[in-house]
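Letters are used for the chains, namely A, B, C and D, taken in the order the chains are written, and counting of residues starts over at 1 for each.
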Amino acid sequence: MSTYNTAFTSDNIAGVSPQVLEAMARCNVGQADPYGRDACTMQAEKMLSDVFEKDARVFFVTTGTAANCLSLSALTPPWGAVLCHHEGHINHDECGAPEFFNSGARVLTLDGANSKIDPEALKWGVKHRVGDIHSSQPAAVSLTQATESGSVYSLDELCMLGAITKNHGLRMHMDGARFANALVTLNCSPAEMTWKCGVDIVSFGATKNGTMSSEAIVVFDKKIAQEMSFRIKRSGQLGSKMRFMAAQMLGYLENDLWLNNARQSNAMAELLKRGLEKIPQISVLGSPQTNIIFCKMPKDCADRLLAQGFSFYHGKWEKDVIRLVTSFATTEQDIQYFLSAVNQAVGYAEAV
Amino acid sequence: MSTYNTAFTSDNIAGVSPQVLEAMARCNVGQADPYGRDACTMQAEKMLSDVFEKDARVFFVTTGTAANCLSLSALTPPWGAVLCHHEGHINHDECGAPEFFNSGARVLTLDGANSKIDPEALKWGVKHRVGDIHSSQPAAVSLTQATESGSVYSLDELCMLGAITKNHGLRMHMDGARFANALVTLNCSPAEMTWKCGVDIVSFGATKNGTMSSEAIVVFDKKIAQEMSFRIKRSGQLGSKMRFMAAQMLGYLENDLWLNNARQSNAMAELLKRGLEKIPQISVLGSPQTNIIFCKMPKDCADRLLAQGFSFYHGKWEKDVIRLVTSFATTEQDIQYFLSAVNQAVGYAEAV
Amino acid sequence: MSTYNTAFTSDNIAGVSPQVLEAMARCNVGQADPYGRDACTMQAEKMLSDVFEKDARVFFVTTGTAANCLSLSALTPPWGAVLCHHEGHINHDECGAPEFFNSGARVLTLDGANSKIDPEALKWGVKHRVGDIHSSQPAAVSLTQATESGSVYSLDELCMLGAITKNHGLRMHMDGARFANALVTLNCSPAEMTWKCGVDIVSFGATKNGTMSSEAIVVFDKKIAQEMSFRIKRSGQLGSKMRFMAAQMLGYLENDLWLNNARQSNAMAELLKRGLEKIPQISVLGSPQTNIIFCKMPKDCADRLLAQGFSFYHGKWEKDVIRLVTSFATTEQDIQYFLSAVNQAVGYAEAV
Amino acid sequence: MSTYNTAFTSDNIAGVSPQVLEAMARCNVGQADPYGRDACTMQAEKMLSDVFEKDARVFFVTTGTAANCLSLSALTPPWGAVLCHHEGHINHDECGAPEFFNSGARVLTLDGANSKIDPEALKWGVKHRVGDIHSSQPAAVSLTQATESGSVYSLDELCMLGAITKNHGLRMHMDGARFANALVTLNCSPAEMTWKCGVDIVSFGATKNGTMSSEAIVVFDKKIAQEMSFRIKRSGQLGSKMRFMAAQMLGYLENDLWLNNARQSNAMAELLKRGLEKIPQISVLGSPQTNIIFCKMPKDCADRLLAQGFSFYHGKWEKDVIRLVTSFATTEQDIQYFLSAVNQAVGYAEAV
């Protein structure tokens, strides 16, 4: 079974794109200034500015947690509140990191269908107890694009949320752990998906989509950028041999690797979705737009697949709901192999 | 001039040992569990336990700042004080990171010759205002081995400091950013240099000596280890594709690469020192034991070298003092080339 | 109108019991050691130990926020979660103070009728993602007694919640901002309502019930007490002239002032409730047991009362819901005067 | 012996001026809005604005620690450094409170004779590693007036330090725990001693000089004031019955009580100093200008006084140095009684 990718737990279980490793090897020549003052880092920063069509300041950090929390700490005072969807990663899966990085600022959660913040909910949130000293003050909005359930905010949706945010004097962050997956779905430019809608700062994720450990904080507001250097240093995120983090990003951006990887990942999810939809006992939930699929599958069937060595998350949501995630490394063969196993398992379960 | 390494500013300007890159490429196969639950991470942890002859818990982080501050936060309550030499990196060069990671615990500095904490100073420090609620309470001692000026604590010195620390109920941390350089100088075992002297936790540095961005927190006390996972997560240091951080460490430890790299680095410093000692206008300061040399050099001479493209830190200490640092990547040719330039510069300066 | 207390916004708008002022004046004699090392503070600590029938350590602080947050910081690590009812004051009205005092620990909210944590909800909460490094870890439970809506946990309820808490290794805090009001309702001993049910630490509120600014942190676990002194100092809560904070508490406890004050406050709420229940257009909500009453009142009626100079909170909850709070300073005349105004307002509203 | 004040350990061992207690009793009438929205608080704020000849925002807190740390947190980012004299209270006696309140900002200590920051030292400090991301950045200067050793900055000195501070873009804080004592020594206006010299924010101490627990944060910069409310709330310093804190300040300021108290305190120290200077075996150190005197006294003599029941700090400084502090409650009789005991003790010690 080892010739196939049989795990669909997350996109962070894939390895690294060969082009990324090559870029790292390529920059391993001679001496280079540390802490981001080297040519490679400057080149990567320039490349991201080009990608975003904006003279941005860029900071490379090693995890999405750091990218998100450092970004938010630049937008929120300690008595501030960060508004996000209740399924947001910063609300659920950071073990208090946002509170730690920002000296106690709180997360205020909002509702909305398909894991996306509802504009009406946001209108309530941005005004929530403003001026009341007994309550944390709305300071920033954090959107996850693509969302934790694989859906994508349309440009119209982003711009509407951006307008509400800005009209009330709040700042806007985009958690782009799966930025590329959303981008190829929308088929728009990075500029359109970010600062043109009001986004002040982006956690530009790359690790899940082909690099090793390189996330970029892309800052469109120069005033924020000035203090970000100090925030990064004091949080232990200032890598000395920064050139290798930058090199990962170079390999990721060159020759559209990032877009091609995301297209592959999304396409495999689409293939998987279409295959699952053909199986009457299984129902795909919501309308997945990127590389994450939630579906309902009879327990017997899921158990059999797990017993066979396939892996995916289950038992964390409503009854019989499982989550399947593809990545840039997923192949058509992987999908066919899995679908065939699902068909067998369903038949087997029925028979029993 | 590009064929030589002409910068002696720090050992973090070197690239990565080829064996480390190879180890990373080698582990880039198929899918692997994230966050350190993969085989590669377990193997690296096992390997470090073997190296330290102790069933240790190991955590991989990306910077020395993170390794030091996370270690100290496990030893010190928020109202505690960390005792270190006044030249200590945690005192001078962390932009408030120790205070951030530990909710406000303070650094209490001690004196001592050759950048090493004096036992008498430590005896004062461990008792400093103990029980006085108006003062931060001595909680942990942090020793840098090798020190910031290139000197090395002997095993006797370590054990004496360890005994004072333990007798007063404090915990002991070793900042091992240049652990290997000290180890080959002492020609002892890692166990002798750490837990056998009372060290509870080590920041086991690898980046300066051949890896890309992989530092290990080695914990000898299992109780500390339990909570360390949470500390790491909430500080944004839990890498998803941890296998590549572990792979760096494997490449570093295999075939004694780490020891050989440190020997090369130290040997080149020794060569440089002997060369400098032959020049009457230059005086080597202290008694360098690893890969850092401080010396006095006439300003004209230093200026000429800098103008020629050599680089090193100067003007940060007493008049005319410069610092020269070698690394595993420094070659005999680099040293000869530099020494010959120094001789010329001295002659030139005399002539003028 | 000035001869009546016409505001029912909160019990913190009352002044101070004369006996408390007298106790302060009484201790204003000669010199006294600062920071709680004086005779008056020791006497107050002793008196509270007697009240609780337990050799407790006591710390006097000036606000309920400080009492609650300092208590919780002693029970919860920075990566911990404090479980409380979603209506809990620490969740709603502290502007991020719990997160600040505890370096980022989070609040995890639970449901339950009448503002009281449901045992089933607690059973879920104490196990919530235990051992999952991506999530804050359940560490402490905080119960408000009496609750924010005026209800009271029975001794059986307290003991059941205490058992669940302890069985899962968590610690237990009681937010006793209205401790006395609950106590006289239950007609039990302070010991029965606290440590006999598993409470480790109490915020023993006194300000709302007759003192000026004196809350006591009562610690039943000596190990917690040791570090509390340092927590208090570094949070700016160590008063130099502590004797006057202790004196307030002495005046409060002597001659059962605290119990009599609470009885008066509760009795006035009961009188008010009975009066309101007689008015068909008004419906009292829930089953108020102390000094807080929520009721539904026609908007016209409420507006008219407000226009007449009465004050109370409205518009913060469901349509037409208002909150009325009595205090130790509320008199029968105050209640009659208000009820008569309500009756008139209702009639007037009907007529219009 | 009980008829005399025999302790000279600190001015915080005195009780409260009767006028302050009276002011508190006076405001204990009827209901009042909580959290500082009452008439009494507004009046006290207005009165302080008048005192400072400036439309200031005022916040009442209960301790000097809180006043200092909240003030500094408004002037310093988490990666900032607060510059103060190495003898400064915030450096020595706050158990990490400044670091706690400001998320890890550090204290950078400066030298200077008589506990006063030397202008040359400040010129070095304000430029210390500015722009270097590895180091905390100079952000604020904190001056103690009167200093911890009883000396006083002259207006010229204050203005010179203020100019250096402002020229380098830093902010300025005055720790006025003994503000009144300094003021009457300089015989100048509060405005001259503060904002006219560049002070942005003052910890206006009152507790040591006659109140119970009321310190005022006086903010001259409105922008700082806006966020101060939230800082105060989240740090547990927002008193509900604020009127009583304000009342203390009213009693303190009315009829020049604060100035008269300070004059008494200083005069008693002067009397004490003159008496000590007449004793050949004793030498007064420095040039005390307020209510603190350091002197050298033979150990036998000091021991005898302590044995007789007098108290003062000793053994914390150089050999045989003791500290004597007077307060507003110290009388001429107290001083004469003590001096006579000293004379006896000296004679006795000589005889032995």
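Here is the rule we use: a contact is a pair of C-beta atoms (placed from the backbone, for glycine too) under 8 Å apart; a residue touches a chain by one contact, two chains touch by 3 or more.
Everything quoted here is computed from the prediction, not taken from an experiment.
J.: Quick one: which chain's Cα centre is the longest way from chain C's?
T.: That would be chain B.
J.: Tally the contacting C-beta pairs at the B-D interface and at the A-B interface, and name the larger one.
T.: Result: the pair with more contacts is A-B.
J.: Distance-wise, how many Å sit between the C-alpha centres of chain B and chain D, to the nearest whole number?
T.: 43
J.: Chain B to chain C: how many Å between their CA centres?
T.: 52
J.: So, what's the distance in Å between the C-alpha centres of chain B and chain A?
T.: 34
J.: Residues of chain A touching 2+ other chains?
T.: In chain A, residues 78-79, 94-97, 100, 103-104, 133-134, 230, 233-234, 238 touch at least two other chains, as defined above.
J.: Which stretch or stretches of chain D touch chain A in the complex?
T.: Interface residues on chain D, with respect to chain A: 35, 77-79, 103-104, 133-134, 137, 227, 229-234, 238.
J.: In their shared complex, at which residues does chain D touch chain B?
T.: Residue positions touching the partner: 78-79, 92-97, 99-100, 103-106, 133-136.
J.: Which stretch or stretches of chain A touch chain B in the complex?
T.: Residues of chain A touching chain B: 2, 5-7, 10, 12-16, 18, 21, 24-25, 27-34, 61-66, 69-70, 94-97, 100-101, 207-208, 212-213, 230, 233-241, 244-245, 329.
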